[in-house]
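I have placed the structure first, in the form of structure tokens, so that the comments after it can refer back to it.
Chains: A, B, C and D, in written order; residue numbering restarts at 1 for each.
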Amino acid sequence: MNLFSSDYCEGAHPRIMEALARTNFEQTEGYEEDPYCDNARALIRKAIDCPACDIYFLSGGTQTNMTFIAHALKPWQAVIAAETGHICTHETGAIEATGHKIIAMPAEDGKLTPQLIQAAVDAHTDHHMVAPKMVYLSDSTEIGTIYTKAELSAIRRVCDRNSLYLYMDGARLASALTAPGNDLSLTDFPELCDAFYIGGTKCGALFGEALVLVNPALAEDFNFTLKQRGGLFAKGRILGIQFGELFKDNLYLELGAHANALAARLKSAFEDKGFPFLVDSPSNQIFPILPNELITALREKTAFRDQEVIDEGHTAVRFVTSWAMTDAMVDAFIEDLNRLCHE
Amino acid sequence: MNLFSSDYCEGAHPRIMEALARTNFEQTEGYEEDPYCDNARALIRKAIDCPACDIYFLSGGTQTNMTFIAHALKPWQAVIAAETGHICTHETGAIEATGHKIIAMPAEDGKLTPQLIQAAVDAHTDHHMVAPKMVYLSDSTEIGTIYTKAELSAIRRVCDRNSLYLYMDGARLASALTAPGNDLSLTDFPELCDAFYIGGTKCGALFGEALVLVNPALAEDFNFTLKQRGGLFAKGRILGIQFGELFKDNLYLELGAHANALAARLKSAFEDKGFPFLVDSPSNQIFPILPNELITALREKTAFRDQEVIDEGHTAVRFVTSWAMTDAMVDAFIEDLNRLCHE
Amino acid sequence: MNLFSSDYCEGAHPRIMEALARTNFEQTEGYEEDPYCDNARALIRKAIDCPACDIYFLSGGTQTNMTFIAHALKPWQAVIAAETGHICTHETGAIEATGHKIIAMPAEDGKLTPQLIQAAVDAHTDHHMVAPKMVYLSDSTEIGTIYTKAELSAIRRVCDRNSLYLYMDGARLASALTAPGNDLSLTDFPELCDAFYIGGTKCGALFGEALVLVNPALAEDFNFTLKQRGGLFAKGRILGIQFGELFKDNLYLELGAHANALAARLKSAFEDKGFPFLVDSPSNQIFPILPNELITALREKTAFRDQEVIDEGHTAVRFVTSWAMTDAMVDAFIEDLNRLCHE
Amino acid sequence: MNLFSSDYCEGAHPRIMEALARTNFEQTEGYEEDPYCDNARALIRKAIDCPACDIYFLSGGTQTNMTFIAHALKPWQAVIAAETGHICTHETGAIEATGHKIIAMPAEDGKLTPQLIQAAVDAHTDHHMVAPKMVYLSDSTEIGTIYTKAELSAIRRVCDRNSLYLYMDGARLASALTAPGNDLSLTDFPELCDAFYIGGTKCGALFGEALVLVNPALAEDFNFTLKQRGGLFAKGRILGIQFGELFKDNLYLELGAHANALAARLKSAFEDKGFPFLVDSPSNQIFPILPNELITALREKTAFRDQEVIDEGHTAVRFVTSWAMTDAMVDAFIEDLNRLCHE
């Protein structure tokens, strides 16, 4: 069975495995206060061209979002997100569990716009309502779309006008930054965001996200929140070692590009058969709309998830590719698809 | 510099590193729904002789304590702990951050007793106070002491009389179960506790704790809380692989015994010099009381932590040994100690 | 200046003021453990024909909603509400501050339906999402509409099919139950709801809501939550005395009918001039759509609130009537309206 | 049966009842935005000589403490209190339910000292522990003792040295400020505290506490928290009217002095019989230690509460006097005491 069900079906990039093995018996102090974390921070600061930012490593995306948002917001403040945003849909109310309302906006293609953000702000007029204070974006989004530099800059401006923090969930940042149509680079995020995270779990690491705190006001005392929310890793160096490998050269983005290339091949294969898509996504997630019988038949050899029921006979499904998947996997799938479509 | 500052200064046992490398490119579904987690659960269930328990894997101790306690207690219920307990002292208020009061009792040698528990219960008489509902223990405790079977059984009885859950923090369970004077075994915990966790981070794993939910009422819907609190691991199989190695034979307890043996050698060395101890601890943490000048001199070659100021000239310090430390490290330290004491 | 801005612009019904004065120097024990609270509970139990229910008195609506919902739900459970529901819009995120997500559904005329509830349930499929567990309704709704017995019964059935609690916010229950088109009576709520509250603040009391806990599972230990959330009143008898007056005869419903009658007169006046309404509401809140110049002119003598901008020249506004307003106030307003419309 | 069980056994001062009746049918806007609240704020600002402070009215003490502390502290910050403090003992974990740890210190006579506060601060050294940020005091304390100006000033200095907020729970402030030995006045509190509340419930009001926010940083956005925590009163003017009466002349302190005088008479009566006291309290709560048979006999005519078991035959009990109790009540009690002691 080949799995296109997610981009966390495999382990870590071999260089990471080697680095972990090589350093295994070295002794270091815990809690991210070790030379490997320091090295990874230095490499990331250089890659994003932000020497003054604070960087913390956390084990997963929900934990990172929950910990950061709980840290940044006062109890009566809320975060604005697309209603398809990960914090709205697939984190079991983690943000609300820390006491904060999410103002969920209906966003076409999973992307917030200045208009949507301003509308959310304008709807909150006094102290009988929560106070919007943060914008949460994902790049790439949960449905595979990406932001352009113009779009992100416009969102930054609407945030400035309304004193909102801008926070970017970069679980799939490597894929976004290497997707066709992308004109953002790693150095743009510290300029445009108050904070963002660089996702490792979905791009080459065993696990781990690097949270970059650009706005110094949000960095203050973050280590308290990190510990309080269960996110401070005892053997922190394991995270440092992993991000040290991903950022000591261009490996991180190369892995994103690899996943995108495989997704593009899958996309072409579906296009060749004339299947439409739920959304036109350039990154490592694609959402073809397929006949239900075909879906059933494909699942004999391949795993992938349902996204949305379209009509009685058709469902939009999700294929996700990863840094670790191979052209051979894609070849085998396309062969299967061709076979089933010709029967 | 040799580090006796904690038992999480190194990576993982070589068998774990090999297993991770061997399985690295296999594809599995995420979120602990994979064959490696299933295998680890089966091995643990066998080792503890509790076929019906539920087992979840989390990445660290604070996260495990916080997630479980938040799951088990209703908002007005409180947990009773020794005032030296980890949840009282070194979790940055993680339990309170989930809304629950800890009733901290002054406990000699870090150990709760039936009397202390009953006193905590008796002090809470009506709905103007929190309702005690859980007892939190650690074995070994934060100051290296251990519970006997008679002590733990007596605590179980006082819990039963007062309808309290009994929860055991097993961050250092391997050390406890292989310490001189211990008469508890892994199979006793499901009989005596409603829930407990088997610590991997401090015994052979890169990271990871196995939370065992014995009481079915506490297992219901636990996966919701696990996700909500940021504890559900995307590549869950990494945790399954690690616990699979630790429990496929007696490795887990062997590693605990190794750490204890090294600690016993350190303890003898201090005893030989006539130094007293803050507490008589049989496990992998020892707390000698040393002259401050000696402490300063020892720290030129060795790292260890202060525990408590005794008087102007003396401090109790903490030495911790791990599964990964060697007799050679201990030899070198003892040589240094001998040299400094003879000057 | 006459105020139609809310139904809490005045004090309490004279009978309540007299009862408070009459009993002022009697000594009673505090915290709702006094004969006046017992008497009020007995009268309410009789009025709703539910001898076994538990009843608590709280000082306001937000506090009642927040306290009850925090008590009833487990941390990962969510409440379904109309997106116009008070808990969604005007409680400053009080529900989220207790850790719970509100699943807000777009509901025509402010009323949930079985279809909307089932859709909310169906969208939550596993432990990566919150678990819907309660339905929150208001009767009358925040935009003045009311539920019929058939509608409420159908909602009860969809709750039963999905193991959902049904909770009714009765801030304006007196108005709902005496509105044209209503076929519900006080005795229907214990049969159809797990819990509901009878609003006193907006109907005759200085302040106070009577929370009726019908489902025994939700009543257990409620006094702990009540105290913990700041809702347990020291001089509880003040609440008991007030509800004792409201329910010793038909006063409560008479006051609701009075408010409705005044609102109906206002409504007719606007209808006579041909103004449309945002919603066709039969209770004590009406929402005419008026030209902005007329609104400005009317506000020289009368206070009322904006509800929603309709277009550049028109705004829907809200007029609320209370048990304490008089026909003379309405006469004066209608005269002013006539005058301004004829100019 | 005469009740000395609390100082909230009666209604309100007749002047308050008259003012409520007199204004009953006036219309005002809600939520403390009315002329009566404005007037009460002006009177209190004058009485405490603090023209710039913000003042909010809440319905009870637990709600005031919980709302203010939740507003002032960041999630990882804690409040230091005497272990007999109301927030530690009789608020059902309300502070912890908002996420904050209370650092409870063993305080002689219920009073914190600079030494205790500094010890609490010194015990918290890094981000693995909560960060102490506030000191909570009560004056008078829960066991009737009071602070001197020198004591409170010394506590202010230790707060300044450690960047701690100082918050005073004034549930029984009127009694404290009119007790023998007191040298504090209302004007001292704005100089020494960041915030404090003036208790109305236990001194003349039907209910209500006036929270004074002196430190502007703690006043910012407080109205959001007030609403979110259920503390914003719809008919806010009821609170304004009450505090307007209490502060339009010296009534508030006169009522405190009355309660103290009655307590002093009770105290003398017990002293005359040679009974010792648990604590030497000069205010409206006294704690004689009595033989258990005498306690039983006294309770046939008088209600009062147990405070603490002293030995098998003796119990410390609590007598509380109020602004509304009479010399005749005290006479009757003393007569009963004399009779029982002579039998």
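To be clear about the criterion, a contact is a pair of C-beta atoms (placed from the backbone, for glycine too) under 8 Å apart; a residue touches a chain by one contact, two chains touch by 3 or more.
Model, not experiment: these values are computed from the prediction.
Rotating subunit A by 180 degrees superposes its CA atoms on those of subunit D, with the angle stated to the nearest 5. Centroid distances built from C-alpha atoms place D farthest away from subunit A. Mean C-alpha positions place subunit A and subunit D at a centre distance of 51 Å.
Taking each chain's centre as the average of its CA atoms, subunit B and subunit D sit 42 Å apart. Separating the centre of subunit A from that of subunit B, both taken as means of CA atoms, is a distance of 33 Å.
Shared contact sites, meaning residues of subunit D that touch two or more other chains, fall at 75-76, 91-93, 97-99, 127-128, 130, 224, 227-228. Chain contact summary for the complex, subunit B toward subunit C: residues 31, 70-71, 74-76, 98-99, 127-128, 130-131, 221, 223-228.
Residue ranges of subunit C in contact with subunit D, taken from their complex: 1-3, 5-6, 8-12, 14, 17, 20-21, 23-30, 59-63, 66-67, 91-94, 97, 201-202, 206-207, 224, 227-235, 238, 303, 324. Of all residues in subunit B, those touching subunit D in their complex are 75-76, 78, 89-93, 96-102, 127-130.
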